[in-house]
Amino acid sequence: MIVEMVTGVNVEQVDGVVQRAKSMGFQVQLNLGTEKTVVAILGGNTGQLPTETFAVLPGVESVTRIMKPYKLASREFKATDSVVSCGGVKVGGKGFVVMAGPCAVESEEQLMEVARAVKGSGASILRGGAFKPRTSPFSFQGLEEAGLKLLARAKKTYGIPVVTEVVDPHEVSLVAKYADILQIGSRNMQNFALLTSVGKSNCPVLLKRGFSCTVTEWLTAADYLLAEGNNKVMLCERGIRTFEDSIRFSLDISSIPVLKRASHLPVIVDPSHAAGHYALVPAIAKAALAAGADGILIEVHPNPKEALVDGLQSLSTSDFARLMKELKPIAEAVGRHI
Amino acid sequence: MIVEMVTGVNVEQVDGVVQRAKSMGFQVQLNLGTEKTVVAILGGNTGQLPTETFAVLPGVESVTRIMKPYKLASREFKATDSVVSCGGVKVGGKGFVVMAGPCAVESEEQLMEVARAVKGSGASILRGGAFKPRTSPFSFQGLEEAGLKLLARAKKTYGIPVVTEVVDPHEVSLVAKYADILQIGSRNMQNFALLTSVGKSNCPVLLKRGFSCTVTEWLTAADYLLAEGNNKVMLCERGIRTFEDSIRFSLDISSIPVLKRASHLPVIVDPSHAAGHYALVPAIAKAALAAGADGILIEVHPNPKEALVDGLQSLSTSDFARLMKELKPIAEAVGRHI
Amino acid sequence: MIVEMVTGVNVEQVDGVVQRAKSMGFQVQLNLGTEKTVVAILGGNTGQLPTETFAVLPGVESVTRIMKPYKLASREFKATDSVVSCGGVKVGGKGFVVMAGPCAVESEEQLMEVARAVKGSGASILRGGAFKPRTSPFSFQGLEEAGLKLLARAKKTYGIPVVTEVVDPHEVSLVAKYADILQIGSRNMQNFALLTSVGKSNCPVLLKRGFSCTVTEWLTAADYLLAEGNNKVMLCERGIRTFEDSIRFSLDISSIPVLKRASHLPVIVDPSHAAGHYALVPAIAKAALAAGADGILIEVHPNPKEALVDGLQSLSTSDFARLMKELKPIAEAVGRHI
Amino acid sequence: MIVEMVTGVNVEQVDGVVQRAKSMGFQVQLNLGTEKTVVAILGGNTGQLPTETFAVLPGVESVTRIMKPYKLASREFKATDSVVSCGGVKVGGKGFVVMAGPCAVESEEQLMEVARAVKGSGASILRGGAFKPRTSPFSFQGLEEAGLKLLARAKKTYGIPVVTEVVDPHEVSLVAKYADILQIGSRNMQNFALLTSVGKSNCPVLLKRGFSCTVTEWLTAADYLLAEGNNKVMLCERGIRTFEDSIRFSLDISSIPVLKRASHLPVIVDPSHAAGHYALVPAIAKAALAAGADGILIEVHPNPKEALVDGLQSLSTSDFARLMKELKPIAEAVGRHI
């Protein structure tokens, strides 16, 4: 942690910083520049220390963190890529994992039709929402436990693991009874009550990025899960909020190489929620694969025109089949397989 | 709702839109322009209808909502300003309400000292966090119920109502037992499980704006609370995330006149969380008052240098006393009183 | 253009809107909804009409544009992809065009070394800056005309066309004397004096996206060039400014499919300026190719550690050679060639 | 400048950083932490040094600037507030300066009517655009030199200095012949050819903030002007681009106290361009005054409904008169006068 003192700082003020650091067990080194005095505070845990500890002291101009605020999610903590096993499917290895299915589970017929189709086209995990966090109280909120039961049936029938969202800290064990992967939605990335509860389960978890959270905040949220003992954490980039209005969220393609350098956790990309429109989904899916993502999460609906939720961003089953065909040669070109 | 068809649309495609609208009970009017065909869909509830209902149909280029997605929070629904009574203090009337106190309740001594000081300087509501949502799992998480009990004691001793945050849908009744106002934090603005639970209580609620949510999304979240029957809703602007890095969050000063036109709900401003630095707090507080806010929420700590949470953004009790003195003539100049 | 009237509008106010529209030669259609009156204004040129023409009238709540503000750059104006010939290299066809070279031309030796290397690895256009717009007045500003002359020499020696930036409307003919493509930088995307001047030349132009401009504004800026008669316009996505701080600019990968739907103009991607760091460049370059871009613009330096400008984002010549090898199979996988 | 080395760095890599720093005449201090090696580079000019100088070296993880990249605009360079005299009106002192007038000069009649009205209501500077940078090539572009002549006439008739925009580096002396203040528009804040040209004139200049530029970039652009010898620089906050869509640009109210701490230059606020709608202008104007701005720039039109440019954001002359009456008691409350 680097503490820059104001121009014209006096000795007592510098000493105040030094004493506070020493009282906390840190080492200190002074840089007496010609124009600025800078205090370097050294030690293994300065990443988790709030910068405010020093910023509030008199004579301090700014405090810069050198160590990152996350630890367990970092590649410095674990150098090799983590591979998470989800109901038998490995995420984070050489395979490029396609998770596909409807935004919301609507009926047995709908879910079974999609499950059969996406499995047939090469998807290895089935997605489907039972508890839906909706921005308007007047919208369809999901089938809840009945939806979970349908997912379990589809899983058994087609032999495909399922991922579904959990929204309430008190429903984690209920959802984990049916699901192979618990999804934490974008709006809940910093719902710490939920993170703690999911961290205590032993179920693989797909942590979606908060649509306005930095990569650093995202990895710090992952640390919440990891710190509770759940190390089956996967990250899911799903677009960030920007000024651009031609798309619902701007997919942050560079988060893929950034995460691959900073963290050992697998990275999944959700083109559907970012795009908000089916016509943009294939281009983003291909880009994610080429950029090094470990998988994608795609919305597929047997009849997008009649979907209760997010039909506009869903691929039809035939569009999805075509996309899978187009992804395969790209996967090969980058040394992966689907 | 306005549905624009693509150039070269055919009759069947236009008819598809018309039929879907009619099947849902809406009236339809066709605009056959020289270059574009546009279908207007009319009726009282088109604001709550997802634009996708039509956007997924063949031949549709774009769909524009004319009615807003929120209803109960709108000034069209209720023309006169709502005034919320919080433990005897009226928020939303002629008075400019100052809510002040520490970010986190740390000890009886700390809380009592601040409560006495802020009450003495003219604050009419005491703030203090017992459950703290922290971005890092390694940070201080609050005193929890012990903190609520200290707040109740301060309230009794100094005759000042209290506002405190609730983070878990299953703790709403616990917190409401002690608090006069339930605060919903920025990261929970779209935690719909929490909104529904708070909406079912009858306790006044301060809904902080999600730091990346639009005013429209914020008022739609307020509709969640109002739809459950709780009409004691107050809004709190606390800064939005932008590219600017000289401040923690950019306070959206224009949200004040925007909300005053669009909604009947009282508007509070939190300069402390936006600023992230005590030196910026007074200027923002004065701006909020001049722009028409109904109150402010300010962090005050007896010894900011030793605060466990957010000390850098806290005013000392003497800085707070000075700010209160500076606010009074401005309040008078804009026809209000403190 | 759709004009929504306020709730409770009176007949005179509606008539005011109708009369203004008719006086401008537009057709009008009234939608008298149960809650809202909406006036549709129809005609071929409503896209270029400011929404304010109606928004200022009494009784108007909002005005929504249906037609886009740009015209000549749109796919509705020209359905087939434009192919721009630049010194014999076709941009916008089946080929994926790689433009590579140093950020700034520093010396003959540096430029020749890079030109030979990038040409040898398969680049078909040489980039190099002679006039550098720098954010600080204390930074290196470029070799100016001497730099242009070196570019001309490299072009002659290696038979490779060159792209270079122009920053002053009065230097367009000077730069066009040496360059095969004029580049308009991000900070000048809305420098209308410059756009007009470049539009009057007949030289191919690479219009970089303003780092905070929407796709709509970008295509409207392209209309400035096209309206002056220069139809050799290429677009260059180079990242947008967002809150994310792990990268210099967030590359807007979805702008590629968005542009391909909305416009007939070729799309180039600049991973180097977006990334700001060489380690992130290859992943973004591959993503751009997979997503459907027509080419990339890459910074290459013989010795990035000693570059006067932007060394950190430059690939070394050997890193560039490796990237070219990795791009080729991806190009094949998506039906293109390099 | 603080150079953080990667974990596991070797001695040669650290030495590479040290040698480069020493070769440039800087002092170096090493911090050998338990987990990280950090090199502090000290000396008076490290603010103007690109961070890349060190970031490209092997073994470097990140480089953090301690000194700001601007110098002449900083309060460290000049501790006391600058006061700029503009045709006899002092900007930056105790007075709160109101600059008002039409967005574009349209005719003698229009300009004279506004000039008389705003002067009568207490404005001390007349604004009016003669050269208009418009986002669409099909929009009204201004009266150009004829507009400047009308401004000169209004100035003479009513004894009020004028501010007007310059857009082309080759027109600076033409505009300076008529104007008391040269305005540099938001889209030209980083048009370095223009900044250099205006910096060479001796005319007061109002530098509008680029709508997506940080405060640091803005002050660095001011350094361009100051470095050329023009020290009559005033800054103008006019809103930044964010995700919020209820307003055209989000006025960054906190930039006022941030600038007042960081710089000695006067700060003006333009509520009209930020708001985009007249109904939001008064609240923002009052907030700017309360927050410590030195003046405002307001659009006023005798008949906003007929304005050729930006009518929606213009106040009528009577609305402006009312605003001036409301501002006066607030000015008094904060110790200023209008």
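Letters A, B, C and D name the chains as they come in the text, with residue numbers starting at 1 for each one.
The working rule: contacts are C-beta pairs under 8 Å (C-beta built on N, C-alpha and C of every residue); 3 or more make two chains touch, one makes a residue touch a chain.
Predicted model, so just to flag it, every value in this text is computed and none were measured.
**Q** Compared with chain D, which chain's mean CA position is the farthest off?
**A** Following the centroid criterion, the farthest chain would be A.
**Q** Can you spot which of B-D, B-C or A-D is a repeat of the A-C interface, where more than half the contact pairs line up?
**A** When the contact pairs of A-C are compared with those in B-D, B-C or A-D, B-D matches.
**Q** With chain centres defined as C-alpha means, what is the inter-centre distance between chain A and chain D in Å?
**A** 38
**Q** So how far apart, in whole Å, are chain A and chain B when each is placed at the average of its C-alpha atoms?
**A** 26
**Q** Would you please write down the residue numbers of chain D that are in contact with two or more other chains?
**A** In chain D, 212, 241-243, 245 touch at least two other chains.
**Q** Name, in rising order, each residue of chain D that touches chain A in their complex.
**A** Listed in rising order, the residues of chain D that touch chain A are 2, 4, 7, 27, 29, 31, 33-36, 38, 40, 42-44, 62, 64, 66-67, 76, 241-243, 245.
**Q** Using the touch definition from the top, list the residues of chain D that touch chain C in their complex.
**A** Checking each residue of chain D against chain C gives 48, 50, 52, 55-57, 69-70, 133-139, 167-170, 187-188, 190-193, 195-196, 211-212, 217, 220-221, 223-224, 227-228, 241, 277, 304-305, 307, 310-312.
**Q** Which of the residues in chain B come into contact with chain D in the complex?
**A** Residue list for chain B touching chain D: 212, 214-216, 240, 242-247, 250-258, 260-262, 274-275, 279-280, 282-284, 286-292, 326, 329-330, 332-334.
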